[in-house]
Each structure stands twice: as C-alpha cells, then as structure tokens.
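Quick one: the structure is below, questions incoming.
Labels A, B, C and D are assigned to the chains in the order they are written; within every chain, residues are numbered from 1.
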Amino acid sequence: MSDVDPTGEVAGWWATAVSRMEPGVIELRGRPVQDLIGTTSLSSMIWLMLRGETPDPAQAALLEAALVSAVDHGPQAPSIAIARMAATCGVGLNNAMATGVNSLGDSHGGAGEQCVELLTDVLATEAGGLDIEAAAGRVIASRPRYLPGYGHRFHPVDPRSGPLLSLVDAAVADGVVAGDHLRAGRAVETVLGRERSRPVPMNIDGATAIVYAELGFPAPLARGLFVLSRSIGILAHAWEEMEQGRRNKGPIPRSILPAHIA
Amino acid sequence: MSDVDPTGEVAGWWATAVSRMEPGVIELRGRPVQDLIGTTSLSSMIWLMLRGETPDPAQAALLEAALVSAVDHGPQAPSIAIARMAATCGVGLNNAMATGVNSLGDSHGGAGEQCVELLTDVLATEAGGLDIEAAAGRVIASRPRYLPGYGHRFHPVDPRSGPLLSLVDAAVADGVVAGDHLRAGRAVETVLGRERSRPVPMNIDGATAIVYAELGFPAPLARGLFVLSRSIGILAHAWEEMEQGRRNKGPIPRSILPAHIA
Amino acid sequence: MSDVDPTGEVAGWWATAVSRMEPGVIELRGRPVQDLIGTTSLSSMIWLMLRGETPDPAQAALLEAALVSAVDHGPQAPSIAIARMAATCGVGLNNAMATGVNSLGDSHGGAGEQCVELLTDVLATEAGGLDIEAAAGRVIASRPRYLPGYGHRFHPVDPRSGPLLSLVDAAVADGVVAGDHLRAGRAVETVLGRERSRPVPMNIDGATAIVYAELGFPAPLARGLFVLSRSIGILAHAWEEMEQGRRNKGPIPRSILPAHIA
Amino acid sequence: MSDVDPTGEVAGWWATAVSRMEPGVIELRGRPVQDLIGTTSLSSMIWLMLRGETPDPAQAALLEAALVSAVDHGPQAPSIAIARMAATCGVGLNNAMATGVNSLGDSHGGAGEQCVELLTDVLATEAGGLDIEAAAGRVIASRPRYLPGYGHRFHPVDPRSGPLLSLVDAAVADGVVAGDHLRAGRAVETVLGRERSRPVPMNIDGATAIVYAELGFPAPLARGLFVLSRSIGILAHAWEEMEQGRRNKGPIPRSILPAHIA
C-alpha cells in the first residue's frame, strides 16, 4: 500500500495477474521476463500470457500450426482491404493495423468462436445420451441458417483444414489432446454431407476452432487468437501498400467508376 | 483478365505479392499454405509474410526473442489500460484489441522505429569517416531532446535489454548478423554515459531496434513488429478484464474521485 | 455504364442513395451541396443525410436539443478517458477520437438504442390490449436485470432528462410528434417507482431515446446519433489533453501506484 | 479533496476545464447543462466545448456552414468505403464509424489543418514586409510538392468553395471576422493561377480552413472539426450499408475479380 492509496482501492482497480513490475523487475505471469527471452517460443508466450502457465512442446506446436494457418486470405477480405486503404490515408502503421483488426467482428472474425460454441453444444447434447451424429443432427436442426466453421463461398475444399486436422489426429494419437471436439466437428461434417445436396466441408474457422477447443481455450479466445494470427497478414498488406505510396486509395480505380461515385 | 475487367485495371488496383487465391488454392508469398502449416514457426511466418522469403532458423530465433521480450508492460501503459477499459464497454474482443493497438502511436509504439533511424544515422555518419563514438556523439548532439531507445522513466536498468543483447552478441559471433547496429547502439550508450550525470542505459525499444535492424527489417517495421508483440499483452489484459465482468470501467475507482469528475 | 464496367456490377457494388458526384457536382440526398451551405442547420443536415428528406424546423430543433444534451459526461466515462489517453500517445487527433468512439459499445453507448427497443415493446404490448402501465409492467417483468434508460449510478436525478422531456411535451402539444414513446417512457418510470424501494428516474439515454423514437428514427440510429453527439465531447477532451502535452499518460499518476503496476 | 486522495494527485491527473459533475449537477464549460438544452445550437455547443465560451450568432452560423459543407464526398473516399465495409463485418455501428474516423489521417483529413498552417505562413511572411501576393509566392515556392487546400483530382471547380467563401465575404463585410486568412487564401489562388498552366482553384479543405482560421480556431482543430462534419456522412453510409444486410463486403464484387484475389 502506498501512503496515497491507504485503502488499496486504486491498486485494486488496476490489479492484474498478467504482469507485475518493480523498478528493474518485469514479471509476466510470475516469470521474470529475462527467463523468457530466448527460451520461450512465441506460441508458448501467447499461451502463458492467456492462461498463466507454459504449454508442453506438443501443445505449443499445435497452437502454432493453427496460428500459422489463418494469417491471411487476401485483399478481398474486408479487414485486409480496410487496412490497406487506411495505410494510404496518412496514419501510422499501428493505426492502419487497428482499422483492420477492428473489422474482425462477429461475421468476419467470429466464426471460430461460434464454432467452438457449436461443437460444445454437440458434446453437451451427446452427454445427454445421444450418439455423436444424432447429437450433431439435433444441434444442426436447431440452427437453421448458417453453421459457423463449415462451407466456404470461394473454396470448394479449404486447403487449410486437412493439414490442420491431420495434426489434431496426430495429437489425439499421442495423447496430447482428448479428441472430443474433433469427433464433434467431424460428426457435424458427416451429417451435413448427408443432408445437403453437396458436401459442406469444414473450413479454416472450423479447423482452428477444433484446435483451440481441444487445447482448452474458452470460445471467446478463438476470436482473440484469430486476431493475433490475422494481424500478421494485416501488417504484411498494410506495409506493402505503404511502400507503394498511393494516396487516399478508394476501393475501385477511379477510371472504372461511373462518374457519380467517383 | 476477366471479361468484366478487360483492361485489368480492377485487378491491378488490388494486386499484391503477399497472397494468391484460386478456388481450393491459397498461396502465401508463393508457398501453398498446406506446406506451411505444421512446418513453419510463427516467427518464420511473420518473416515470410513481410519479406517474401523464409529466414534460416538462427534468424527466426533472434526475431522470436525480440517479439517475446516486448509483449507486455502492465496496465499503466496507455495501450493496455485503454484496451482493458474498452473491454468493459460492450464491444467485441477484437474491438477492444483495436483500441489498444490504435494507441501505439509515435510516442508509445514508435520508439523502436525511431531508434532504428537513429542507429542508421550513426552508421551513415561513421561511413563519412568518423570513428563510431564520434559519429554517435555527433548524432546525439543533433538531437537535443529525447533519444529513442535509451533511458526508462521507471526502470533504472531495463531487465529485457541485457538478455536480448546477449543473443545479438551470440548471433554476431555465429555470423548470423553483421553487428553494425549493435555497435552503433553501444556507442550511443557509451557516449550518453560519458555526457550525462548518470548512466542512460539502452531500453527495450533500443534492444529490439537493434535486433530488427540487424535482421534487415526497415525502420517502420520495427513499429509493425512491436504491434504484433504487444498485441499479445493487449489480448491477455482485455480478456482478463472481460472475465472480471466490470461494466464501463473508468480510469479511477469512483470512490476515490472528487465528485466533480465522477 | 462505363466501358470498363459494361454490366454495371462495379457501380452496383458501391451504389448509394446518400450522395452522387460528377465533376463539378456534389449532390447529398439529391440536393446540390451549394443549396445546403448556409441555408441548412447541422441538425437538419444530419436528418437529411440519414433519412433523405429535410425535417421541418420544429423537428430539427427537437433533434438538436437531444444532440446537445449528451455531448459530454466527463473523463470518468471510459470513452473520454480513452480518447484523452490516446491523445498523449503520438497519434493524430482523428485517431484519438476514433479510440473514444470505438468504445461506445453496447453497454457504454447502446442504452439509447436499447431503450427505444424497450419502449417499442411496451407500445406493442399495449397494442395487444393492455393499458400502458400494465404493458410497461409486463415488459419490465420480462427483463429482470437492467432497464436501459432508467436510473443512474451517479445522479439521483439526471439533470438532462427533465429539460429534454419538457421539450417533448411541448412538441406533443404542438402536434410535432405523436407522444406515444413519451407515454410509454413515463409509464415505465411510474411502474418502476411503484415497484422499487426508491424512485428509478429516467436518465439521459431514456430521454434521448424518446426524442429519437418520437421523431421516427429506428433504434440503431439512437446509437448513431449518440456517437455524433458524444464525438463533440471526445474532441474537446482529446484536444485539451493534447494541449497539455503529457506523454503516454497512464490511467493513474505513477506516484500513487504500488510499484508493481507502475 | 477526498480522504483517499489527500494530496489531490489523482484528481489533478484527470482535472479538466471541459466539464464538472456533482450528483445531480452537470456543468459543461461552467454552464449547467439544463441551461443549454433547447437554447443552444449544435454549432454553438461545439464552439463552447472547444473554446469555453459561446459564439455570437453570426460566428455560429459561419461555423455551421463550414461543418455542413464537408459532411460527405461519397464512397470512393477511403473513410466512407472503410466504414461501409466494416459495417458488414458484424461490429457495432459505433465501431464501423470509428474505423472511418480512424482513416481521416494526414493525407485524408489533414488538408484543412495543413492549409491553416499554410495561410498562417503567408500572413507571417506578409508581416515581414511583403505584399500579400509576394508573400504567397514565397511560401508556395518553399513548398514544391503539394499545396493543401488547392486543386481537386476530380472536380475542376469544387462546388462547395464558392458558396462558403461568399459567406466569409459577407462575414468580413459585417465585421464578424477580420478577413486576413481569406485574403491570404485568395492570394495563393491568384499566384497559383499565374504560375500553372491551368487554374488551381481552392477546394473545400481550403475554404473550410479559411472559415476555421477566421473564426480563431487553431490549426489542429481544423482536423477535429472536419472529423465532426464527416462523421455525419460516415454514419449515413454505414447505416445504409447495414440496412442492405451484406455480409463481409470486399472492395470489389467477386464476379469481376481475377480468381487469385477473390
């Protein structure tokens, strides 16, 4: 307690278990920062900061694979286009990145989080006494419109899902993760394949949702982790745009526009 | 060219070397994404996305150490406090993160970038025929106010700088990096120590600037890389705050405020 | 149609009824901009841009009063504190404003929108055959936790509500607005006063919700209009902070903090 | 002073001249809020909040005309396109607005501020003993690249400048403003017309810069005021987009894109 905060109210207002400072000392989740530098991978650091403990190497590797898989999907994704356009408006690189990150909302960056919830629903329904496909069918029936984590408007098959799921399969075989969310995810895919006229394969949001859920991250962190991953692509695109030096780039070349929206 | 874009103007407007898509295909910097998942570390991925090529393992390790070192400096840093407060206002986790990232401006997140420029100045001055300390002295003299990368208002010695610089020393010894920016950085520190009444040691912005510059990143990417690093801390703090469930958290507990700013 | 967009797809993608340009011509909602400059008040302009037609003067005056009422509630409001802190981090004034606006989320800037929905619920329930207080009672009973637009954690009586509601009363008397949402809002207040141990008077979010709903704005625009209003306070505070010249202002003076969160 | 802040440090940290609260009391720049509601126009309120005093009606009218003139320039402006795209990503209306505002950086929203500085330079140079056109010529010569406030890449003549400058002329005639910045602005236009192969007329950033400078606003507030003005257009566009219900709108219709950036 300091003299000017005798009741500790101010300190309590900003209390945190994430980090602790004293002059000359920085502890992150209780670890002196100097013990982390050069010894801890970036994915282990992310895990440590979010959960307070260090993952074992196999867990960190699985997390890393998921983070790598989602870094970018090109400038037609609104977040990337937005960051590139902002980068031409005379703001800092951090501001351009923030405009992109800010756009990763419920429909653009939220599918992973929603898919974790979907799969958790399926597992809870299974726990009520159904087999997993029946549980998946019931949950699908209760969500008529849109199933987060399945289908892609551009890719018939998402090239990222298979490699990532193979790593989850291996992690299950090695006892690194339990495999329940993977099982639920595949059951949903199977039921969808049976019910729809053409297959609705799992997409990257579904595959990363399985990884994050298998590793024990709560659903909202699926969005948080996606933000970290996609921030890499956002930075790469914003930087490429800045280097090109355009000024106040609109969405469409002026020459192609009807005059009235130029 | 598509029929509706016969001149290729639209395609050119959004042309990028970062990523390429076709149905079923995602290439990042020319690499099929499925070849990257499970084989590429997150720091190698960052390097690849920003530079178009993969680093060798020693380069990636040095980059990773710098990224780990700067993830967080607690809620007294405006970006962290801002993200935590935003997280209580009923916005998405991505929006809370964006408010934090948006605040990493010239004076909060820009010191690394400015320090790269400073050290580059010193090296250019050296190339003009001075020894490195004389060059450092001349550059310091030309910047009377504030030297980015040196001194800390809280830490007498920044506990992150030493471990990070040791890794740079090792990388120089191993021929991974050339060591010029390290040499310039230490010359600045030496001259400052001679001129000021008490030592002005290099801080984390200085140490990471040296890493990024030694690895060949242009100055503005020192800010971009810092944003990626600090985003991890921003996420950890925003998430801790969201889990606590406060609503519309002001900067100071209401009980301690004079009524007129409550 | 331009030659390069023969099918009009590009033009359609960005088609808007808000504005139309040709070289030398700017039309806003079909009005040449030169006819608006100097003849149209700011509140009429807001109305025109959002709804495509000009309000009559009494409507514009009521809208203006609501916009004036909510411009600021001091730096303990997270949006204001956030904008002030961001303003010390070396970003542009527009970036500092954006961080504040970004924080006006569901719980900080959304109460007006939610209150419009609440009052619309009450009116729909009344239309089902109940008297207005019975309708209010039923709606309140269905929302156990928190009633947007009522009560204030700081003001026993919100000094803004009375003057604003008096203007709505006058507008009803003059036939400017119908008065249904006002009636619903007062019924909720009456029922709350009966049910709770102490009065729960309408707050500024409730009073502005009534104004916006009476004027025919859909619920989400209650938030949009609040953002416009509060942006004025955000600018005033961010600018005051910039002029003071602090650098990287944390939420609490360092001197009062326990070292570990400094 | 409260018991828990005996030295007043906490209160001082957040001290402000903008607003003052007590339970039941809200004062904005020293005025009880209830005295402002229904009596004060929005433009007077903006003036009061930024400057601490109320303008006279002629000043408020001139400010209002400038604010009205710049509300929108269509979806080809990056800020508008960005806000519209963000509005399709599942974020709040305030978040969509913030992404737009965040993009009003040095090159997109900063021309007014830069033009105030330019005209102030011209007046300072005149004060050094040159006639106004010679002063304008010298300042132009010192800024080889780009003159903020002059020329438009789309409009041969900006339809907003004339009407706004007519109002400034009238205000000069009525003694409302002194007319020095107007004089400087016209001298720049004259010199540019003489030096360039075709006329480079003043644009809206120039015309509003003159208004704001004549009314005594410091240069950075030209950007702040532009943000307030353009926020109206940003809201109108974001809302129109939200009502259309698109999901994750990219910059260009997918049908027109070469596959590799879809």
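By definition in this document, contacts are C-beta pairs under 8 Å (C-beta built on N, C-alpha and C of every residue); 3 or more make two chains touch, one makes a residue touch a chain.
The shown structure was predicted, so the numbers you read here are calculated from the model rather than taken from an experiment.
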Point to revise | chain D reached from chain A - shortest hop count over touching chains | key: 1
Review point. Looking at C-alpha means, what's the farthest chain from chain B?
Key: C
Review point. Counting C-beta pairs in contact, does B-D beat B-C or the other way around?
Key: B-C
Point to revise | Centroid distance [mean C-alpha coordinates] between chain D and chain C, Å | key: 21
Check your understanding: Measuring from the mean C-alpha position of chain B to the mean C-alpha position of chain D, what distance in angstrom results?
Key -> 32
Exercise for review: Averaged over CA atoms, how far is the centre of chain B from the centre of chain C? Could you give it in whole Å?
Suggested key: 37
Review point. For chain B, what residues touch not just one other chain but two or more?
Key: 4-5, 9-10, 13-14, 16, 20-21, 23, 74-76, 81, 91-92, 94-95, 98-99, 102-106, 109-110, 154, 249, 251-252, 255-257, 261-262
Check your understanding: Given the complex with chain D, which residues does chain A contribute to the contact?
Key -> 4-7, 9-10, 74-79, 81-82, 85-86, 88-91, 95, 98-99, 102-110, 153-154, 247-252, 254, 257, 261-262
Exercise for review: Mind listing the chain A positions that touch chain B in their complex?
Suggested key: 5, 9-10, 12-14, 16-21, 23-26, 28, 32-34, 36-38, 40-43, 45-46, 49-50, 61, 64-65, 67-69, 71-76, 81, 92-95, 97-99, 101-106, 109-110, 154-157, 159-160, 162-164, 166-167, 220-221, 223-224, 227-228, 231-233, 235-240, 242, 249, 252-253, 255-256
Check your understanding: Within the complex, which stretch of chain D touches chain B?
Key -> 1-2, 4-5, 10-11, 13-16, 20-23, 91-92, 94-95, 102, 251-252, 255-262
